[in-house]
Each structure stands twice: as C-alpha cells, then as structure tokens.
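Here subunit A shows up in two complexes: once beside subunit B, once beside subunit C.
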Partner chain A sequence: MDIGIIIAGLLTLAIYSFLYRDNPVYKAAESLLIGLSIGYALVIFWQTTLVDRLFRPLFNEGDLILIIPLLLGLMMFSRFSQKLTWLSRLPIALMIGAGAGVSIPAMLYARTLKQISASVAPLYTASGGFDFSALVIILGLLSTLAYFYFSRRHEGAMGKMAKAGTYFLMIFFGATFGYTVMSRLSTLIGRIDFLLTDFLHVLR
Partner chain B sequence: MHTRIPLLICLIAGVLMFLQYFSGHPAAKAIYNNILDWWQIIFAFTLLVGVLGFIRNNLRSISRKKETPFKTIALMALVSMPFLALVGGTKIGSPFMWVFEYMQAPMQATVFSLLAFFVASASFRGFRARSVPAAILLVSAVIVLVGRVPLTEHFSTSLSKITFWIQDYPSMAARRAILIGIGLGSMTTALRVILGIERTYLRGER
Partner chain C sequence: MSGEKRRWIIFAALFAVAIISYILPIQIESRPSPEVQKSYDYIENLPDSSVMMISFDHEASSLPEIQPISLAILRHLFRKNLRIIGLSLFAEGTAIGYEMLNRTARQYGKIYGRDYVFLGFKPQHISAILGMGESIRRVFPEDYFGNETDTLAVMQGVDNYDKVAMVISIADGDRAVQWIEYAGARYNQKIMAGLTAAMITTYDPYLGSGQLYSVVGGLKGAAEYEKLSGHLGAGNRGMWAQTTSHIFIIVMIIIGNIVYFRSKSSQKGRG
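And now, the complex of A and B:
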C-alpha cells in the first residue's frame, strides 16, 4: 500500500479518536495540523505575495514605489517592541482605511441595491397568472426588515410585520442548518469512504 | 502624533479608494491597483508577525515545560513546510505538496467532518417544538435535511421540489433582508472608520 495512504488513514483515525474523548493522540494530530497549516500558508504567501508582488518587482525590475509597502510591512514587526508599537498602527491604518473606502460602494451595490432589485419582481406573470413565490419574497423581505427596525416600537401593524419576520427568519435558520448538516455529512461520508476503500480495503 | 498620523493615513486611504469608483481615469485605476497590491503585501507581513508570535509563544511554553511534546510537534511541522519548499520546491509531486496532500488535507477534511457529529448531537438535544417559531425552524430544517438526501428523489420528487422552494423563496427573502442589514451596517461602520469616529484599531486611544 502507498505510504501516503497509510499516513493519511492513521492521521484521519487520530483526529476521529476525539469522538471517544480528548486524548494525547488527537492532541498530537491537532498540533501537527496547526503547524502544517501555518507553514503552508507561510510558504504560499511568501511566494505569491512577497516574492511575486514585492521582492521581484522591487529588486529585479526596479519598481521603487514598492519601498513604501515594504517599509509599512516592516513596521508591523514593531509590535514586538513596547516603545515602538505605535509604528504598527500606520500600516494597519492604511489597510483599514483602504478596506473601508473600497467596501462602501461595494456594499452599497452587492449587499443592498442588488438584493433589493432581485426581490422586486412582478406579481403577475406575462401570461396573466399570479406569482405566489414573488409575493412570498417581497413579504418575507419587508417583514424581516421590520423585525430588524428598532427605531419604532413593535406594536400594531409593525408588531405583526415583525412577528411574521421572525417566522421567515426561523425558516431561514432551519434551511441553513439543514443545508450545513448535509454538507458536513457529505464530508464525513467522503472520509469514511476513504478509510473503508483506500485505507482498509473493506470496500472495493 | 501616535494617533493623528494613523487617523490621517486612514482618512486619505479611505477617501482615495472611495473616490476612485467615480473616476474612469487611468491614474485613478493605477492608484486603486497600487493600494490593493500594497494591502496584500502588508497583509503578508502581518502573517509573518503572526507566525513569529506563534513561535515565540510555543517556545515560551516549551521552556516552561507546558505541553512540551505537542508544542514541539507544532513547531517542527511549521518549520518543516518552508524547509521542504526550499529544498524541493512547491510544484505538484514535490515533498511539500506530498505533505499537503497526504497529511494536511486529510486532517483538515476530517476536522471539518467531525462537526457532523456535534451538529447532529446538538440538534437532538436542542430541537424541541416548544413554540411556533421553534416548530417552524424544526420543520424547515427537517424538510431541507430529508429533501437534500439523494435517496428521497427515488421515492418522491415533490419533497425535493419543496426543499428547493423553501431555499429559493421564504429562506432567500430572510437572507436578503439580513444581507441588506449587513450592507447598511458595513457602510456605516466604514464611514465611521474613515472619519475617525470608530478607532478601536488604535486600541481605543483618543
């Protein structure tokens, strides 16, 4: 059998040993996973970001403007010094400011306008038939928004709308929960299939 | 100065990135692309800082003889990945990718699948139809759970249709309302950050 399959199978069993209880074998596998994941991310970021976007253009192609992000990036290491830690706020400020500036139009478009335009659909189809699903969408949207609107007391018509909103939210939570469980189960089936087919050769 | 300069940088970066959306000028696009590149470069440096912090904390635990074997495993694993990348490269078939394929990826998938057990046990304990909203949540979850099983389609296609209808209409309506809320909240927070009202990233200094 391939040594890689044996190692993968043993590590899979080591992680599943947590189902019995927290034990040293699981802890060792968990530590290994943490270390490998950080090491992998480090290598990928080093290659795809620091080498490809910074060191190569700066030192090979002479793109001198990249000295600015290099200096800002080096300032991040000032977090290890109590006296100089304020320097790390400069790159953080640039990241947060740029992120905030980009996010305003993006959020307005994708999260707000797009969602509203997708919800406003004709209630009557071209053939003249009533589209019940379109009514459900618009009622669900308005009632859920009413539930999250806290500037007015949830009494009377507003209270009824908010209450209907909670029902729509419950449907959403239930459906999301069911979908999440199914996705996790499919991963579980995949791992069990690997153990029984590739590792133990019980299934062929 | 320790607070004003970061606030000024945040304001300038935020306003520049916001205004470039309203300009088709090549200079605006160049500034936008440059700052995005810088953002990623600084992010990579923050990862390096995080890795150094991780190594420092683990070494401290080892020197205090606290969970020494596990901390040592984590440190050795961390060091091994850059070492393998340095020695054999990162192409498919390299030792680096072998470790990823046969050690890291299987463990990650297994940890992910572990949640199936915990979610199932939590739902057995927590799912009680004590009120109308709880009953709606229960019914919705059960329909989607059963309707998503491929075996269900062999017996009835209508349950599968109901599942998709629930996901595409009532569930989608609530999802959109939540997304609109997130959008409005994010825009407000972004504006507060740019204007320097929200400054928790400066550790609350005023």
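And now, the complex of A and C:
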C-alpha cells in the first residue's frame, strides 16, 4: 500500500479520536495539519510572489522598477523597531488606499445596488400571475431592516415588524445551520469513503 | 449519565449510522435541482473548443466535499472537448487542483498544453481577477511548470475574459464572491460556483440577483451533477449515508427537545 495512504488513514483516525475526548494523538495530528498548511502556503508564496514576481525579474532581467515594491516591502519590517516604525505607515497607507479604491466601487455595485434592485422585484409576473417569492423577499427585507433600526423604539407597528424580522433571521440561521451540518456530514462521508476504500480496502 | 459520555455515545451512533449506510448497496435517486440543471445545460450546450476557466479556491480540509463536485464538473468539461484553463487563488488549492485536473484529463486522453493548462497560484486574488480581465498573459506569464503561456496551444486566441465562456470557482469560502464582484460586475463574465453546502446561503443573494449564474452545492449537488452526466461517482455513493445521517440527527433533535421540555415541566412541578 502507498505510504501516503497509510499516513493519511492514520491521521484521519487521529483527528476523529477527538470525538471521544481531547488527547495527545489528536493534538499531534492537529499541530501537524496547521504546520503543514502554513509551511506549504509559505513555499507557494515564496515561489510565486518573491521569486517569480520580484527576485527573478529584478536580478535576472534587470527590471529596476521593482526596486520600489521591494523597498516598500522591506519598510513593513520596520514595525519591529520602535524608532523606525513610522516607516511602515507608508506601505500600509498605499495598500489601504489602493485596496479601498479598488473595492469600494465594486462592492457598492455588487453588494448594494444590484442587491437592492433584486430585492424590489415586481409582485406580479409578466404573465399576470402573483409572485409569492417576491412578496416573501420584500417582507423579509423590510422586517429585518426594521429589527436592525435602533433609532426608534420597537413598539406598535414597528415592534411587530421587528418581531417578524427576528423570525426571518431565525429561518436564515436555521437554514445556514442545516447546510453546515450537511457540509460536515459530507466531509465525514468523504473520509469514510477514503478509509473503507483506499485505506482498509473493505470496499472496491 | 454525564454530558461528555452522552455526547460520545451520540457521535459513535452517528458514525455507525453513516458507516453502515455507506457499506449497504443502496442507491437513492438524485433529482437534479434547477440550479444544477442550469449549470449542466450551459456546459452541455457549449460548442467544441469553447474556453472554460476553473479556479480551485479551497483548502485541503474541505477536499472530501469539494472533490466530488470538482470531478463531476471536470469530467463533463473534458467529455465536451472544451479547452480548460485551471488556476488557483488559494495557496492550498494549487496542488489539489492540479492533481484533480490532471487525473481527469488522463481519463479522457487529453494532452497538457493543447486541451488544458494549469496556471498555478496567484497571490493578491483581487488584482489577479482584475488583471486577467485585461490580459491573462500579464498575470500568468508562465504556467504551473514554467512554460511560457504564449507558447501553449490551449491559450491561443485567449487574451482575457472575452474568449472565456464561463469561470467556475470551486470554493469553500468567499473567494467566489470576489469572482462575482470583480470578474462578473466589471467584465460581465459569467460565473458559476461549486460550493461546500455550508456556503450555499452566503451565495443565495447573488444567485437571486442573477450575479451568479448557477451553483453546484455540496455532496448533493455533486450527486445531481453526476446523475445528469451519467457518470455516477462519490456524490451518489454518499447520498444514502447522508440521508440516514440526517434522519438520525433529526431524531436526536426531537428526542433532545422532548427530554428538555419534560425535565423543564418536572422542575416546574417540583418548584
């Protein structure tokens, strides 16, 4: 049997041993997972960012403009010195400024404008039929907004709307939790498939 | 019985239910949901050699759920003789993505560089997504193995999203949201998502607004996709175990509530 499969099988069992109780075998497997994930990500970042995008073009191909991002990157390390920590503010300011400039218009369009236009769908379809889903969306939207509106006391009609909002929120949380349970079970079933098929050869 | 011991028994029972159900040779009918049907139909109706971009934006820990989705979609893409550009915007998805892409390609006798390519990982995913809208070559001058992207037959005529029929993001987090917000909103690129079930509600608003074309969600989505493409795999194998496990959890919730309300009413009676 492939040594990789044996290691993967034993580590799967080590992780699931946590369901009984916390134990050193689980702790070792968990630490290994975290260490490997970070190590792998570091190697990928080193190669794809520093080597491919910086060192090779700068030192092998003489692309001198890359000295600017190199210096900005190095300035980030000035945070470790109390005297020079102000230097790190420049690359941070650049990152925040550029990030906000790129993100704000995109988010405003995709998360706000498009979502609002999708939420105010007509209650009647083109064929003249009543669209119950559109009504649920409008009621859900207004009542949930009412729940998060804190500038007025939740009394009377406002209180009833806010109360309805909590029901919509509960339905959302319930659906999300249900999907999460489904997701975790899928992971369990995936590992059972691996254990029975590849590791133990019980199934073909 | 102590709470910890009771918890252990419930976990053991759930594990037993899942494992026994998985071993039993029972298959249940997966009726495709409209979303999965829409995903399948779009790919099915694409002409030969259309370009599809598939991004493996997930961690290794979600592989048991993500893999059946990825494989079901990849099998369909290769069977349809489409040109496939693979990449990853999540470091951990890089090697996994390449392995799945390569394994499926071999099954269909596809040749690297001519029928498919893997561009590898790119950090700063937002700039990568935006950059590819202008020039894929500029963002990925080389593929995963250091070949110049320009020299690969699969990339001929593909400069940016204009020639890409659809981007499929296989995600276990919100990386597909960035595809929607940047490639979709700015470049009008059609986006489909292969998601873990836990993420489905996060993407529902985008689906409702039409910003996301379609979704294949969770092991159930994979099973439905496999059913449509006529190649049953891990998704369908796991459906019976998933069904029985869900029933077990529902029964446990009902029993838990009965016990809770009975103990509450008996406390009231004593008080």
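The rule is simple: the second predicted complex is superposed on the first by the 200 of 204 C-alpha atoms of A that agree within 3 Å, B and C clash if a C-alpha of one lies under 4 Å from a C-alpha of the other, contacts with A are read in each partner's own complex, and residues count from 1 in each chain.
Quick note on the criterion: a residue touches a chain if its C-beta (ideal position, glycine included) is under 8 Å from a C-beta of that chain, and two chains touch if they have at least 3 such contacts.
Predicted, not measured: the structure shown is a model, and the values here were computed from it.
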item	value
Touching partner for A:80 - first (subunit B), second (subunit C), both, neither	first
Subunit B versus subunit C as contact partner of A:60, first or second or both or neither	neither
Partner chain(s) touched by A:180 [first = subunit B, second = subunit C, both, neither]	both
First (subunit B), second (subunit C), both or neither touched by A:169	first
Chain touching more of subunit A, residue-wise (subunit B, subunit C)	B
First, second, both or neither for A:21, with subunit B first and subunit C second	second
Contacts of A:40 with subunit B and subunit C, given as first, second, both or neither	both
Partner chain(s) touched by A:95 [first = subunit B, second = subunit C, both, neither]	first
Partner chain(s) touched by A:191 [first = subunit B, second = subunit C, both, neither]	both
Which of subunit B and subunit C A:107 touches, first, second, both or neither	both
Common interface residues of subunit A - those touching subunit B in one complex and subunit C in the other	16, 19, 33, 37, 40-41, 44-45, 49, 99, 102-103, 107, 110-111, 115, 118, 137, 172, 175-176, 179-182, 184-185, 187-188, 190-191, 194
Residues of subunit A defined as touching subunit B within the complex	4-5, 7-8, 11-12, 15-16, 18-19, 24, 27-47, 49-50, 53-54, 65-66, 68-70, 72-74, 76-77, 79-80, 86, 89-105, 107-108, 110-112, 115-116, 118-119, 133, 136-141, 144-145, 147-148, 165-182, 184-185, 187-188, 190-191, 194
Complex interface listing, subunit B residues touching subunit A	2-3, 5-7, 9-18, 21, 34-49, 51-52, 54, 67, 69-71, 73-82, 85, 90, 96, 98-104, 106-117, 119-120, 123, 132-134, 136-145, 148-149, 165-184, 186-187, 189-191, 193-194, 201-202
Subunit A-facing residues of subunit C, complex	4, 8, 11-12, 15, 18-19, 22-23, 59-65, 67-68, 91-92, 94-95, 120-123, 126-127, 130, 142, 180-182, 184-186, 196-201, 205-206, 208-211, 218-220, 234, 237-238, 241-242, 245-246, 249
In the complex with subunit C, residue positions of subunit A that touch it	16, 19-21, 33, 37, 40-41, 44-45, 48-49, 52, 99, 102-103, 106-107, 109-111, 114-115, 117-118, 137, 172, 175-176, 179-194, 196, 202-203
